[in-house]
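What follows is chain A paired twice: with chain B in the first complex and chain C in the second.
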Partner chain A sequence: MDVSFWNREIETADRSSLEALQIQRLKEVVSYALKTSFYQKRLSKVGIGSPEDIKSLNDLKKIPFSVKDDLRQNYPKGMLAVDMEKVVRVHSSSGTTGIPTVIYYTREDVGRWTDLLSRGIIATGATAKDIFQNMMSYGLFTGGLGMHYGAERVGMTVIPVGGGNTQRQLQIMRDFRTTVLHITPSYLLHIHQCMPEYNIKPRDLFLKKAYLGAEPYSEPTRLKLQELYGIDIYNSYGLSEMNGPGVAFECVYKNDLHVWEDGYIVEIINPTTGEILPDGEKGEVVLTNLIRHALPLIRYRTRDLAFIHTEPCPCGRTHRRISRILGRTDDMLIINGVNVFPSQIEEVLMSIPEVGTNYMIHLATREGLDRLTVKVELYQKLFTGDLSQLDSLKGRIKDKLRASITINAHIELHEPGFLPAFEGKGKRVVDERQKL
Partner chain B sequence: MKITQISVFLENRKGRLYEVCSMLGAAGINIRALTIAETETFGVLRIIVDKPDKALELFHKNNVTANRTEVVAVEVEDRPGGLANILKSLSEQDVNVEYMYGFIEKFTEKALLVFRFDDPEKAGKVLASCGINVVTSKDIQAL
Partner chain C sequence: MAKQLTIFLENRPGRIKSICDVLQVNNLNIWAFAIQDRGEFGLVKLVVDKPAQAQVALVECGVACALKEVLAITAPDKPGNLDRLTSTLSQKNVNIKDAYGFVSTGDKQGVCFLEVQNVNGVDVAKLISENGFRVLSDEELYAL
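Take a look at the complex of A and B:
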């Protein structure tokens, strides 16, 4: 198989050179982290007062984990380690409640992130000759812009369509002879189901590859999509806290994802005890971002479950591979590629006086896409008797949810006492989606 | 001129309408007119009863989501064109009907029509000026 490299030296570096690079970059990150009061407190507690206190990678293990809540507590700028003047980009992802998590990047941070994305693209065998249709949303979400920059740096022809509008997507694919897609697995499936409607067949298109991310999906789904479209599909992994996409990418062997270890230190821990697990064992992915200075994150608990492969990859890259994401340690839902916590939905519902205290979150698959239905009970005392009141209430719930989680939910009103009574918020979620 | 309609928010579930109606029956409350607006998950039952205050009290005691709405009820001749005549006058005077429903009385030649207007005061005047018999709460009890 043809194996191409973006940076052969680093991608095939032996473990000791890779670790030397990790230590050097970790020191840099620690020096920035020490500029924030958050990390200053946290690092001084474990005897790290200067970057020189990092002697080996073992010193990393002394540092306590960071979590999403740390970012929220320090919203909006508490963890910013550089002057705002140095920041060229802001991204944000949903928090577990109304407070989002914000990520800042300096020009150099964006450059290093972009480089890893280019590396991933080249690892799949794509080249500057490819026509790249980016179907992830642009904006605060990292998926769109992140990959866009990486593809441009490779020299691909980038079509920044963003998500949605299937008819236009298909038209662009056909007219511009798109060869590579960046898309969520559920949307790729949905588009295939829509093709007959627009009288387009996969063989009318020029597609060769697709990069799938933002949602977990299974190997049988990859195989099915590859067959439906006649293309190669590569998994991509990332999260905004670790810059965005490009933390790990599959190479031409499509045998799970190389974590770019010069950019990220990956650990797998037991999510309950915090103990570090050996390669091969499934646990929570903990990542240290080695390439971002504006907002350092050290030993960040991703809540994603995966394992690290012990076998080397035939492509010759020395960067270890992680499995696809096998689940979550928290109750985060991924709805059409968007991360949603049930607590965000609850917060919106409880801010509306006409809504009672009982509610239910229901997920189903419709035409290949996720459909979110939020079922609420009407608050008895505020029923006026008008149907128009109920219509406008539904509209208001829908609008407020869209503003908070960016998803169009289907709203159902129910008579008080008619939804099942739940104990604990986790049980309020009924997920009947077909597993991808 | 205005009479009380009771609007009941009902789960769209088998047996729920029966449960609510049997509550009224057991309490000796008689339904004079009724309509249901239904959606996928819920319905709104609108009823005119002989004892509206008692019915509301009963509903609240039994955790049934209900509220009162002011409506206007009129009697029309039960013959072709009866309703159209009324609507013509209302339309000419620019009175908007939000919704309406009707039923036929047992022992008379009249039909009872229940209207929810956006402007019930003006509607009442228009109806009176057309010589239409507007039904009072007392009439409802006596039906």
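Take a look at the complex of A and C:
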């Protein structure tokens, strides 16, 4: 198999050179982290007062884990380690209780991130000759812009179409002879279902590859999509806290994802005890970002479950591979690629007086896309007897949910006391989606 | 004025029966009813002999129900009467929001329950009375 490199020296570096690079970059990150009161406190407690206190990678293990809540509590700028004038980019993702998490990047941060994305693209065998149709949404979400920069740096022809509008997507694919897609697995499935409607067949197109990310999917789904389209599909992993996509990418062997270990230190821990697990054991992915200075994040608990492969990859890269994401340690839902916590939905519902205390979150697959139905109880005492009240109530819930989680939900009103009452919020979610 | 109970119910088997059960246990009599379907739920509208008592009984059972005033209008059960009634209202640009009715078999009187909107200061009860209809008081209605 043809194996191409973006940076052969780093991608095939032996473990000791890779670790030396990690230590050097960790020191840089620590020096920036110490500029924030958050990390000053946290690092001084474990005896780290200067970058020189990092002697080996073992010193990393002294540093306590960071979590999403740290970002939230320091919203908006508490963890910013550089002057705002050095910041060239802001991305944001929704938080669990309405406060978003914000990520800042300097020009150099964006450059290093972009480089890892270019590396992933080249690892799949794509080249500057490819036509790249980026179907991830642009904006505060990192998926669209992040990959856009990486593809441009490779020299691909980038079509920044963003998400949605299937007819236009197909027209662009055909007319511009798109060869590589960046898309969510559920949308790629949906587009295939829509093709007869627009009288387009996969063989009318020029597709060769697709990069799939933003939602978990299984190996059978990859195989099915590869067969439906006659293309190669590569798994991509990232999260905005770790810059965005490009934390890990599959190479031409398509046998799980190389974590770019010069950019990120990956650890797998037991999510209950915090104990570090050996390679091969499944646990929570913990990542340290080695390439972002504007907002340092050290030992960040991703809540994603995966394991690290013990076997080297035949491509010759020394950067270890993680499995695809096998689940979550929290109750986060991924709805059409958007991360949603049930608590965000609860917060919206409880802010509306006419809504009772019980609710249910129901997820199903409709025409290849996720459909969110929120079932709420009408609060008995505020019922006026008017149909218009009920219609406007539904509209209000829908609007407020869209503002909070950016998803169009279907709202159902139920009689007081008729939805099951639960103690824990996890049981309020019924997920009947087809597994991808 | 006549009172109507509007009850919010899920649209599935057995829900209306549960309401009838409550009314029966409390020995309440139903004069008229109508149902409005709205997908996963519907509104049941009831005119009963003791509306306030019915509301208390239903609320105690956890039911979402509201009491509202409606016009109870009677006219002899003859062709053309509903046409006359609606013409009277449309001439004054009064909109009918909701309407249903029944015929009292004993004296062959048609009874129509009306909810109106856009009255613009028009005294609808007076307007109707002046045009040959009778607007029933509570007592008259329940004495039918």
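Note that in this section the second predicted complex is superposed on the first by the 436 of 436 C-alpha atoms of A that agree within 3 Å, B and C clash if a C-alpha of one lies under 4 Å from a C-alpha of the other, contacts with A are read in each partner's own complex, and residues count from 1 in each chain.
Simple rule for what comes next: a residue touches a chain if its C-beta (ideal position, glycine included) is under 8 Å from a C-beta of that chain, and two chains touch if they have at least 3 such contacts.
In this text the structure is predicted, and so the values were computed from the model without any measurement.
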- State whether chain B and chain C clash or fit side by side on chain A once the two structures are superposed. clash
- Task: With the two complexes superposed on chain A, say which partner A:Ala421 touches: chain B (first), chain C (second), both, or neither.
- Result: neither
- In the superposed arrangement, which partner chain does A:Leu390 touch: chain B (first), chain C (second), both, or neither? both
- State whether A:Leu413 touches chain B only (first), chain C only (second), both chains, or neither. both
- Task: Considering only touches as defined above, state whether A:Ala403 meets chain B (first), chain C (second), both or neither.
- Result: neither
- Note on the structure: Dual-contact residues of chain A, meaning touching chain B and chain C, are 378, 380, 383-387, 390, 412-418
- Listed in rising order, the residues of chain B that touch chain A in the complex are 5-7, 9-11, 13, 16, 37, 39-42, 44, 46, 63, 65-69, 99
- Note on the structure: In the complex, chain A touches chain B at residues 375, 378, 380, 383-387, 390, 412-418
- Note on the structure: Contacts from chain A onto chain C in the complex sit at residues 378-380, 383-387, 390-391, 412-418
- Query: Considering the complex alone, what residue numbers of chain C touch chain A?
  - Reply: 4, 6, 8-10, 15, 36, 38-41, 43, 59, 62-68
